[in-house]
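Two complexes, one shared chain (chain A), two partners (chain B, chain C).
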Partner chain A sequence: MGVTILTQFNTENRSGPQNIEILSKRILALGATQQGQFLVDCETYTSVPQLGHQRTVHVLHNSEQPATVFSLLETGAKTIPLATDGLFDLLMMKMSHFYTSKKQTKSESKGPRYEIGDFCVKLGTVTVSSNFKGVLVEVEYRPCVVPAMCWDLLKEFLQGFLGLSGPTTPPTYLQNRMQENYSPIDTIHQYLEHFTMFRKSPGIGMRP
Partner chain B sequence: MSAPGNAMDSLSAALKCNIIPNQEYLLQGSVLDQYVEVLLHRLRGLCDNVDSGPESFHDHELCFSLRIANTGATTPMSVFSLRVRRALDVSDTPYQLRYIGQQELGDKNRPTVVRSSIDMACSSTIVDFLTELGCRVDFEYIARGYMFRKGRMKITVSKIFKMGGNKPGETVEPISQSYLVELSVLAPSGQDAIAEDMRIFAEQLRPLVQLEKIDYKRLGNIM
Partner chain C sequence: MSYSVNISVEATIENQIQEIQYDGTEIYQPPLTLSESLAKYAQKIDFSKTSEVDIKKEESSEDSKSDTDSKDAFQSSIWPWDSVRTKLRSSLQEICVLADVLAIAKEKRYLVLDPVQQEPLETKPMVQIYARKKALGGAANVLLAGAEKMKNSQTEAARNRTTLDFHIELLRLRQNWRLKKVSNTIIGDLSYRTTGSKYLQTGTFEVTKAEDEEKPSSPPSSPLPGGPIPSKPNSALRVSIPTELQGVAYIEVLCQKDQEDLCSVNLNLMGTAPPPSNPDMHWQQKLEAAQNVLFCKELFNQLAKEAVQLQAPIPHMVVGNQIMATVLPGIQLIIGLRHSTSGDKKQQTPPPSKSDHDHVLEHSLHQLLREVHHKNTHHPFPHPATGPLGPSKKRMLAGPLAADRHELLEMTKTQTLLEQIVQQAQHFIMRMRTEYVLDTIAKEVKDPLISSHWNTLNSPTHSCVKIHISTHGYDAVCRTPLIIHVGEKSLKCICRDGKVMNMSYEPQELRDLIFCHISQHQIVAVQALAKTMGWQALGNSNHLGTGAVEPLGNSSSCLLSSPTGDRIIAVRCEPQAGPQVSVAHSPRTDFFPSRLVTERKWEHLGGQFRDVRLDKMEGRNFLHKMELLMASLTSNS
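Presenting the complex of A and B:
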């Protein structure tokens, strides 16, 4: 478990699979080996009007932590994270009288997972309710847990294979937490930030 | 390597195969303080964890409920109860979140109460999470006692304390002069055979403790 940076890869005029292929070639050329696939998904539930002011619960799963369900509750004033066992999904089903799922916002990022030395790289194709939205690149530097200590290294590594579309500043979510210990819920926060942006974006079309 | 499956798909598959332990078979009873030692002695003889001795626990439990007031005469009020438990004697253990559904008493032939139950470990943010979710605390208490195991059965003997002051662990006052005794099994639905084992085990504790199907509705009328 290390520090993870999530960044969007500019899709230009290429389709999702073309982008993934280009990035795969580059990362393989650097000496990475593919280690399976990954999947991060997010489902959003909103409170029914009878419960008072609206609250939103985002429920996320990450194949890197397969026995855990992550939830982020947004009240408007603050966001409360929660990590639970897998049965939390069952609980959300039981709560359907109080919190209803917004099916059209179901988002996921999935694709190949690579390992290269101390780094783990994931190339995700993002879909929102099955519509292709873009490409998310996740890079984890595993020997370190303090973002401030390895941000420069991660930035250099990212620019090394993303070129100019690599990030120049840390993700917004991490900016106030650079000195804190990084944990898996921080990766979840970053995914949610991107999924929210993708949900708002008009969409690139139906190309898978 | 195959792609990881969608979590919801694996959950529905698990539900379909009926491998999720979401039913609790339960018998309850009580024993007066002066006889609890005798009961513990008997349980030590009957249960599995003889060598290590009984496991002790000291937990704080908060009972939350999520309610929607009835909007009309025809729609009844919906209530959803959740319990959060945390250990006071061991630090660094996860909190426990639990949903308990309506209990089914069944007829005379059914030896135990059956209620649906979803039990999971969670992070300590759960109290904040539930409060902001719209839940309110109905009541809270501290339970201190021993846990025994006999196969799949779990037996707890616990003293229930009222919360004293604002901080847990300050001065706590016992709720009664007796211990609560519970015999329970968490199993996937349909495994009714376990209820029979529980009945037989409960027989062995008589007449020290009468483990019975407790009807909470009836208790409500007494009080």
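Presenting the complex of A and C:
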């Protein structure tokens, strides 16, 4: 478990598979080995009007933590994160009378997973309700848990294979948590941030 | 009659007082009405008495009549049922009258039945309580006396009885074993299933009542090998155990080096000497033996299953009732199930093992299966109400703590019984080898003394020994501590300076390490001694680069100079050859000018070293000799 940086890769008028292909070529050239696939998915539930003030629950799964279900409850004022075991999915099904899921917002990011030394790189194709939206690159540096201590290293590594489109500043979510210990829920926060952006953006309309 | 005066007796006009109020006014009961008083008086008449009188009158008249014609009525008067007949007759009359009265009263035209107010009985609560108390006390006394009598007779009977009652025996059996009644037989269960065992073999036994006629005949008749064994004569119970659970079983653990035994352990649950399964054994011992057989079978079955499944670099072998596993190169662990049935007990009894028992290994193999049983029944708390039972506590927390894939994979790894016992055997061998090496070095090397302290507390796969290297008589001057952690397949030595040395299972490596430390100890000790003598240490090196190449390790050396600085001692210590000492004088006491050294002042630069023949010197050990040497060199100046 280390620090993870999630960044969007500009598509530059290329389709999703082309982007992934280019990136995997670059990362393989650096000496990485592919270690299976990964999948992060997100489903959003909203409370029914009878419950009063509307709240939103995002339920996310990360294949890196297969035994865990992450959920983020947005109450307007603040966001409450929760890491639970797999039974939480069943609980959400029981609560379908109070929290209804929006099918068209089901988003996921999946693709190949590479390991290169202490880094773990995941190239994800993002789809929102099975429409292609973009490419997300996740890089994890495993020996360190404090973002401030390895941000520069990560930035350099990202720029090494993303080129100029690599990030120059830490993700907004991490910016005021740079000195704290990084935990898997922080990765989930970053994914949710990106998923919400993709949902709001107009559909590119290209099938992956 | 004419003189008689009529006295009228009347009730007082005043009515009965019902209540006196607080202001003194009295409230009277309302006077009875005419009909009420009539009813009251009529109630006081005892009609039965009058009727009896009437009957008597009738009888007497009848008697007188019968007396007159006694002769002809003789037959009737002596009829035995006469009184009964008359009584029945009078009662019939009464019933008839009652029926008539009831019939008339039902009409309500001629007769009306009014409820009559009963005069309230005067009750005093305290009197009632005393009466009841007395009555209850009496009853209690009777009961207590009866109980006492019964108890006395019971104890008397128990004291006198020689053979135990079947039911008492059954009760005892029931207290320790699981029994149930199936139709007309009593079936017991001695398997470990209630404590978490998942072994398939059933351990049922049957309990029957011992027949009385068998008792006298049992000593002469030889017991049948397979049949039911007659119980002890004074036991009223007979326990029949299935043939596969009869006899004595134990698990034999042997560590073999090639073909020669390194250690042998006889494991059985009932102590070192299994009691012979003679037919007259008490049922408790018989059941315990059978349960032991079942346990050993389960243990062996489990081990054999694992031995077949495990993918070891050198595959485990299962032949018959023996499992062979390679522990360390050249050393095999042999686990065997020995089961001797009662019939051919004498022939199969193995000779008592040559080496003494290792109770630790004996205990741990036993413990491992118990642990498995315990885990099957005891699930870690807290259980979620909706979650599955069975996963470990760590696995339960994995979800909320967001464990990643690697951690989850680690959790799935479990050690089988065989792996654990192999590890313990490896550790056992490692410990034995380390002990042997340390003991032989301590025996061989006399000059620095080597003492080893084994920690009394250790785990089955890890133990620790502390070694002190010191010189006799100088242990306050210098001592070199070493700590050796003995693991399963490796040794870890923590040296005096904090260096950690990892060694393999080969005992030679430890031996070499100790010898290196002995030579270093000598050099350090000489310097410490020199300090107390006022000598100065000019320099030292633990790994000397000069001189002949050592077969093992490096030689170490030091240079010492006397307090006045005119004498120098050089000490060189090699792990194999031991210490060498040389002495140099500067300036020399005598000076002969030569062509090269023309003046005396050059002699201050230091002279030639001359070897000291230590073996010719006085002194108990090396340090003692060095002390004498330094003392003599100091006094000379």
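Going forward, the second predicted complex is superposed on the first by the 208 of 208 C-alpha atoms of A that agree within 3 Å, B and C clash if a C-alpha of one lies under 4 Å from a C-alpha of the other, contacts with A are read in each partner's own complex, and residues count from 1 in each chain.
Keep in mind that, in the parts below, a residue touches a chain if its C-beta (ideal position, glycine included) is under 8 Å from a C-beta of that chain, and two chains touch if they have at least 3 such contacts.
On a predicted model such as this, the values are computed, not experimentally measured, just so you know.
Of the two partner chains placed around the shared chain by superposition, chain B is the only one that A:75 touches, whereas chain C remains out of contact.
Residue contacts after overlaying the shared chain place A:110 against chain B, while chain C stays out of touching range. In the overlay built on the shared chain, the residue A:51 is in contact with chain B alone; chain C does not reach it.
By the touch criterion defined above, A:200 lies against neither chain B nor chain C after alignment on the C-alpha atoms of chain A. In the superposed model, A:41 lies in contact with chain B only, and not with chain C.
For chain A, the partner with contacts to more residues, out of chain B and chain C, is B.
Contacts of A:65 after superposition on the shared chain: chain C is touched, whereas chain B is not. Residue contacts after overlaying the shared chain place A:87 against chain B and chain C alike. Where the contact sets of chain A with chain B and with chain C meet, they give residues 63, 66, 69, 83-87, 90. Within the complex, the chain A residues that touch chain B are 35-39, 41, 43, 47-48, 50-52, 55, 57, 61, 63, 66, 69, 71, 73, 75, 78, 80-91, 94-95, 97-98, 108, 110. On chain C, the positions that touch chain A within their shared complex are 384, 386-387, 395-396, 398-405, 408. Taken in their complex, chain A has these residues touching chain C: 1, 63-70, 83-87, 90, 183-185. Only residues 1-8, 11, 15, 20, 22, 66, 68-69, 71, 78, 80, 97, 99, 101, 118-123, 125-126, 128-129, 132-134 of chain B touch chain A when the two sit together in their complex.
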